[in-house]
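Input: structures, listed below.
Here come two complexes built around subunit A, the first alongside subunit B, the second alongside subunit C.
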Partner chain A sequence: MLKSPAQSTPTTPLSVEKTKSEIADQEAKFTLNAKDKYFAWAFLGPSLLILGVFIFYPMVKTLYLSLFLTNTVGKTTVFVGLSNYINLLTSADYLSSLGVTLFYVFAVTIITIALGLVLANLASKRLPGIGIFRTLFSATMGVSVSVAAIFWLFIFNPSTGFLSLASTWLHLPQIPWLTDPTAAMWAVIVTTVWMNLGFTFLILLGAMTSVPTTLYEAANIEGASSRFQFFHITIPSISPTLFFVSIITLIESFKSFGLIDLMTKGGPTNATNMLVYRIYKDAFYSGNYAQASAESIILTIIIALFTLLQFKVLEKRVNY
Partner chain B sequence: MMKKFAAFVKTYALPIFAVFAIVLGIAFVNGSKNASTAKAGRIPVVFWNEMGGPAEVALDKIVDDFNKSQDKYEVIPQYQGAYDEAVQKIIQSHGTSASPALFQSFDISTAQMMHSKYTTPVQKFIDEDNYDTSDISPVARSFYSNKGTQLAMPFNTSQPVLYYNASLFKKYGVTSPSKSPSYSEVTRAAKELYEKSHHKVKGMTIEIYGWLMEEALANAHTSLINNGDGHTGNPTKINLNNPTTQKFLKWIRTNIKSGDFVNYGSGASAETNEIAAFLANKLGIFVQSSAYIGQLTTGTKNKLGISYFPHPDGVKANGVGIGGAALWISNDKPAKTQRGAWEFIKFTQTAKNQAAWQKATGYLALNKNSQKTKILKDLYKKIPSAKVPGEQLANAKPNNTNSGILMEGMQLTRELEQTAMETVYNGGNINSALNTADTAMNANLKTTNKADGR
Partner chain C sequence: MDIITKPKLSRRIWDYALLTILAVVVLAPFLIGLWTSFLPTMQIAKGNFLSTQVSFQNYIDAFTQTPILRYLGNSLVISTATMIAQLIFCSMSAYAFVFLKFKGRKFLFGLFLATMMLPFEAEIIPNFQTVKALGLLNTYSVMVIPFLTSAFGVFMLRQSFMQMPIELKEAADIEGLGHFQFYWKMVLPYNRIPLMTLGAYSFLGAWNQYLWPMLTTFSNDFRPVQNGLRQLQSEETFNDWGMIQATAAIVVIPTLIVLFIGQHYFKSGVNEGAVK
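So, the complex of A and B:
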């Protein structure tokens, strides 16, 4: 049987422990005198100030706004307690937005990672001309959101788009890509995956090429199939990177805005009205700052929960 | 690796730095060019607007002409992006040094601007100057007024019209729609075109756009909200589920079922797609803002046909309301600056300026004397159908139902109207779609009234 790198080098965890206890010893000896404290504040002050003005104050203000109603000019008028939250969480409209967002986020993350792995695995083979494919597969990294959206809008155009023409030639039924609620969701997912793929591919490829070749050589000697090698050497070895990429993709998808704004504007029938887009619309279209603030707080909690969950669950399965 | 990198930095650091410096320098020079400083001795009037593309060029020309025409004021135009976001920017910056003296704000923000009390109604200046407004389109004026007070001056104005590809109609031998067509007439034309072209040409489309549904109500003389669509008092009840809306949606449903209708969805992409399809001879008829005439007549050999906005069968057309935006004067600037803003507004309304504006942008000339100018006469000679939207505008007699809906929260109302339309276009039940919209709109109206203490 093959051993994972962590098992084969049992000294690694011990040495980490050692350095940790050394640091703890140093910290115990380290006490601040008045002058040091002054310096500490002088150095920390600017960043605290910036964080305070741009992060903490807006957060507190958002929380405050979410407990009121706001009038025509966005000023708070009537204190309503938690009723903004209650209204949201009992509104079928908002809950469907939540469901739609979760579907989108998971679909994008799973498909991006899966395709990224396939492409990276193909491109990690040392073959003549592989550089061309590596460049092609990572090419979408250089595409901006607006360009991607316009490019795909052309493809999805119901009269003159490529997909519509292709289905006419092949005598397939026409899919109304951006006007049918289910199809529109997939149109947005496809575009997002396409955009994310370049970055995911490149990171995964980097991880794959740094897996020690000795492992594969040993596996070859033992006669392991390439499929077995992929699932038992490649995947475990690159699991820290997989963990990183999945977190990034998941959180980025939660924050997806540009594509939605350019492609569907949350429609049709709110089928792609994700949480972030909804916040933007409620605040800057409708001027309903109170409700938008409540939505922001809910979104913050959701993202924090997912990040925590990912760290807790995935970290245990990651092979460092 | 590190060594290589160090060598790379050594070789290229200076050129890279130089490029950065040049880019920064250019950005700085360009930035200072746009800085809002007026020439010495002139009162600056900062003017926020949302005109991009050809309209921005045309607007800059009006501003330039105004600045050259006198030496007291200097209007400084500043582009602010999309209408929706500009409203929030205007409101949130009010009372600060960054706020504009004069701003352009779109049709559905009228009630919001009125209730904000951040503006000086232009009626004040109209009275001071005894300015004669009778030359300016009454249906456009009534949109931005409340109980006889002119709140803002209409500027870029459009009306929805029915466009048809006259060349395609001729090619397939189909009778084109009349000047003021009924729903069934449009259906007949769309269906015949679809059948006679052997399904190569789709008959018609109507964008999923709340504005178009509201105009269908206006044209049938039906109110969307109580208190005369908000013109006689603060609205308290919304009633989208009425026989007129039902008739409108049933009409569209009929066409969807017979296959001649094509759905391009909502928003800017829908407009781009329907225009692309129309110019590519794949679409015969569509209903859209008159502001698209320019795009529909350049780079095509096809003859463009234009009719009035369709009306339900057996109902006399009431005339549609306008869309577009108006010019407002902020009340947080000194009296002299406000006066300068008003002088500029007057300048925008002259027959000549309005005619040039229509020719350059496709928005409609508001001054009735513009029709006598050479600019428009030449335009109509070249494109005869371009005359139709102006006639529709001139023929509309203002009343409460075709003077817009004076209610706060119209942006959200539009959203909900659109969701209802989308539901119906995708095969949903008309009655329940409209009821869902009504419930949400009324809940929102109740919250708005509560928040505003009304």
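So, the complex of A and C:
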């Protein structure tokens, strides 16, 4: 999950706000000082400048561009209002991209969380040498996008790849992994899940190991099965963390670009042409900056909605 | 889930077997890649996966025939610069939000919060135009300047600055420490662990950048390693699987070492953010 560049980790739950009384409490403890104003500008200035130039201004500019037609160098020509959006949302091509992205995002999230839970549940047992397994399970965190793509491109390679060889050995039918639309989508999903797994595992493990052991002791005395304990003690106890990693995975998947570019280039026949890859192609290949801007705004709305949901739920701290 | 009751021996064997199988499955892509990096490409092409002609030739080729070291060096420069900048600017902003009282603090904080909702991927068109106008294309700066600060970092540090004992600030006031001195001599040393967590995050974040460097760098002099590996695959080495796997191994091994050393900090940082 650390594929996210510095700016694109907007998904942390650090919004965890102090309650109002805590803030008031804190404010009362500090004496108001007129000079603080100047210090504030000195301390905040650099960050505000960078965020202003590279986050706020471009968002406004993108919104502006999306309401015009643009020429090949991205200068606005004619104001067209919302027609870029209307064109997009009525185009079968764009709707297919949207559908493909949603399928990918939910498949990646569900599978990553399920596998992460399996690994974390096993690795949370107190066994001698468990630390080695914990380290191994988290290893994919250190694999960057282009390295993951190389590993998996070799595995999926149609002629000399590992899966192709394995199918031959086992007399199984060959699957044209990267040239069949459905198989290519699954190839990208599998690779993404693999990349995400280390991070997800580590977070879930952290949550599971901090569940009070007394809960399990009580359950053991009552004779509850380990499956019952997993669904009735572990899952409810880690629900805030579970929610946090799910939404982080969801948001990061919406922004997937690297693996698409490295593995399928959006193909075959647009089967993996997801939202960010599409923005990139429309803007920097086709020179259709207006349409790419409208696509950017749609992407922003989707991500903003999920981020807000995250803020809201974390404010309530799920259940404990 | 720490079950204290003594499990039976058969149960333990079953647990270890399952753990081992899962570890092999999770690590399989890495192991397959590492293994092929020692095989001659001819043998790989023939499907002779169990060839015994293992050698370091692919690694020698990778180091001598590709700019992989240059790519790694570029990424090191970019990631280190980004990390240092974020540590400074994020901690300064977090300090202002926690220890300074000024008009508009809530509003500005909300503004920072809002940036977490705006994906950088959706802003590449104006940002590309901006850096082009500034003459920054194909430089190290273009990959550092937009990421000098991050809202994520500010929030993370704000969260831990707020947990500092109030007595420290009172003591500093009595000692007559100014804001810069208090920030430098007390706040930063006191928050070593969250700062190290942010350092690791920002370094790896910059290391894993892909889309932005791809748009803004055109030469091997500045190209970071992620895009360098892509470049190698698109060049004549396309089917030289042995050497490509060797370059991947050269890139991933240092990252894994850094990760295993820094793992403790990642874990504590993320969990703090997640559940507190």
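Quick note on the criterion: the second predicted complex is superposed on the first by the 257 of 320 C-alpha atoms of A that agree within 3 Å, B and C clash if a C-alpha of one lies under 4 Å from a C-alpha of the other, contacts with A are read in each partner's own complex, and residues count from 1 in each chain.
Methods note: a residue touches a chain if its C-beta (ideal position, glycine included) is under 8 Å from a C-beta of that chain, and two chains touch if they have at least 3 such contacts.
Please read all numbers here as calculations on a predicted model, not as lab measurements.
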| item | value |
| --- | --- |
| Which superposed partner A:Leu69 touches (first subunit B, second subunit C, both, neither) | first |
| First (subunit B), second (subunit C), both or neither touched by A:Leu165 | second |
| Touching partner for A:Ser286 - first (subunit B), second (subunit C), both, neither | first |
| Which of subunit B and subunit C A:Thr77 touches, first, second, both or neither | first |
| Superposition-derived comparison: subunit B or subunit C, residues of subunit A touched | C |
| Which of subunit B and subunit C A:Ile297 touches, first, second, both or neither | second |
| Which superposed partner A:Asn196 touches (first subunit B, second subunit C, both, neither) | neither |
| Contacts of A:Ser97 with subunit B and subunit C, given as first, second, both or neither | neither |
| Which of subunit B and subunit C A:Val276 touches, first, second, both or neither | second |
| Partner chain(s) touched by A:Ser253 [first = subunit B, second = subunit C, both, neither] | neither |
| Intersection of subunit A interface sets (partners subunit B, subunit C) | 74, 157, 159-160, 262, 283-284 |
| Subunit A residues touching subunit B - in the complex, by the definition given at the top | 69-74, 77-78, 93, 153, 157-160, 176, 178-181, 262-265, 267-270, 281-288, 290 |
| List of subunit B residues in touch with subunit A within their complex | 84-85, 87-88, 91-92, 94, 112, 115-116, 118, 202, 208, 262-267, 269, 272-273, 276-277, 280, 282-283, 408-409, 411-412, 415, 418-419, 422-423, 425-426, 428, 440, 447, 450-453 |
| For the subunit A and subunit C complex, residues of the former touching the latter | 2-16, 18, 26-27, 29-33, 36-37, 39-40, 43-44, 46-48, 50-51, 53-59, 61-62, 65, 74, 118-119, 121-127, 130, 133, 135-152, 154-155, 157, 159-160, 162, 164-165, 168, 194, 197, 202-203, 206-211, 213, 216-217, 220, 226, 229-230, 233-234, 240-241, 244-245, 254-255, 257-258, 261-262, 276, 279-280, 283-284, 289, 292-293, 296-297, 299-300, 303-304, 307-308, 311 |
| Interface residues, subunit C side, partner subunit A - complex | 1-5, 12, 15-16, 18-19, 22-23, 26-27, 29-30, 32-33, 36, 44-45, 47, 49, 82, 86, 89-90, 92-93, 95-96, 99-103, 105, 108, 111-113, 115-130, 145-156, 158-159, 162, 166, 169, 173, 179, 183, 201-202, 204-212, 214-215, 225-227, 229-230, 233, 241, 244-245, 247-248, 251-252, 255-256, 258-260, 263, 266-267, 270-271, 273-276 |
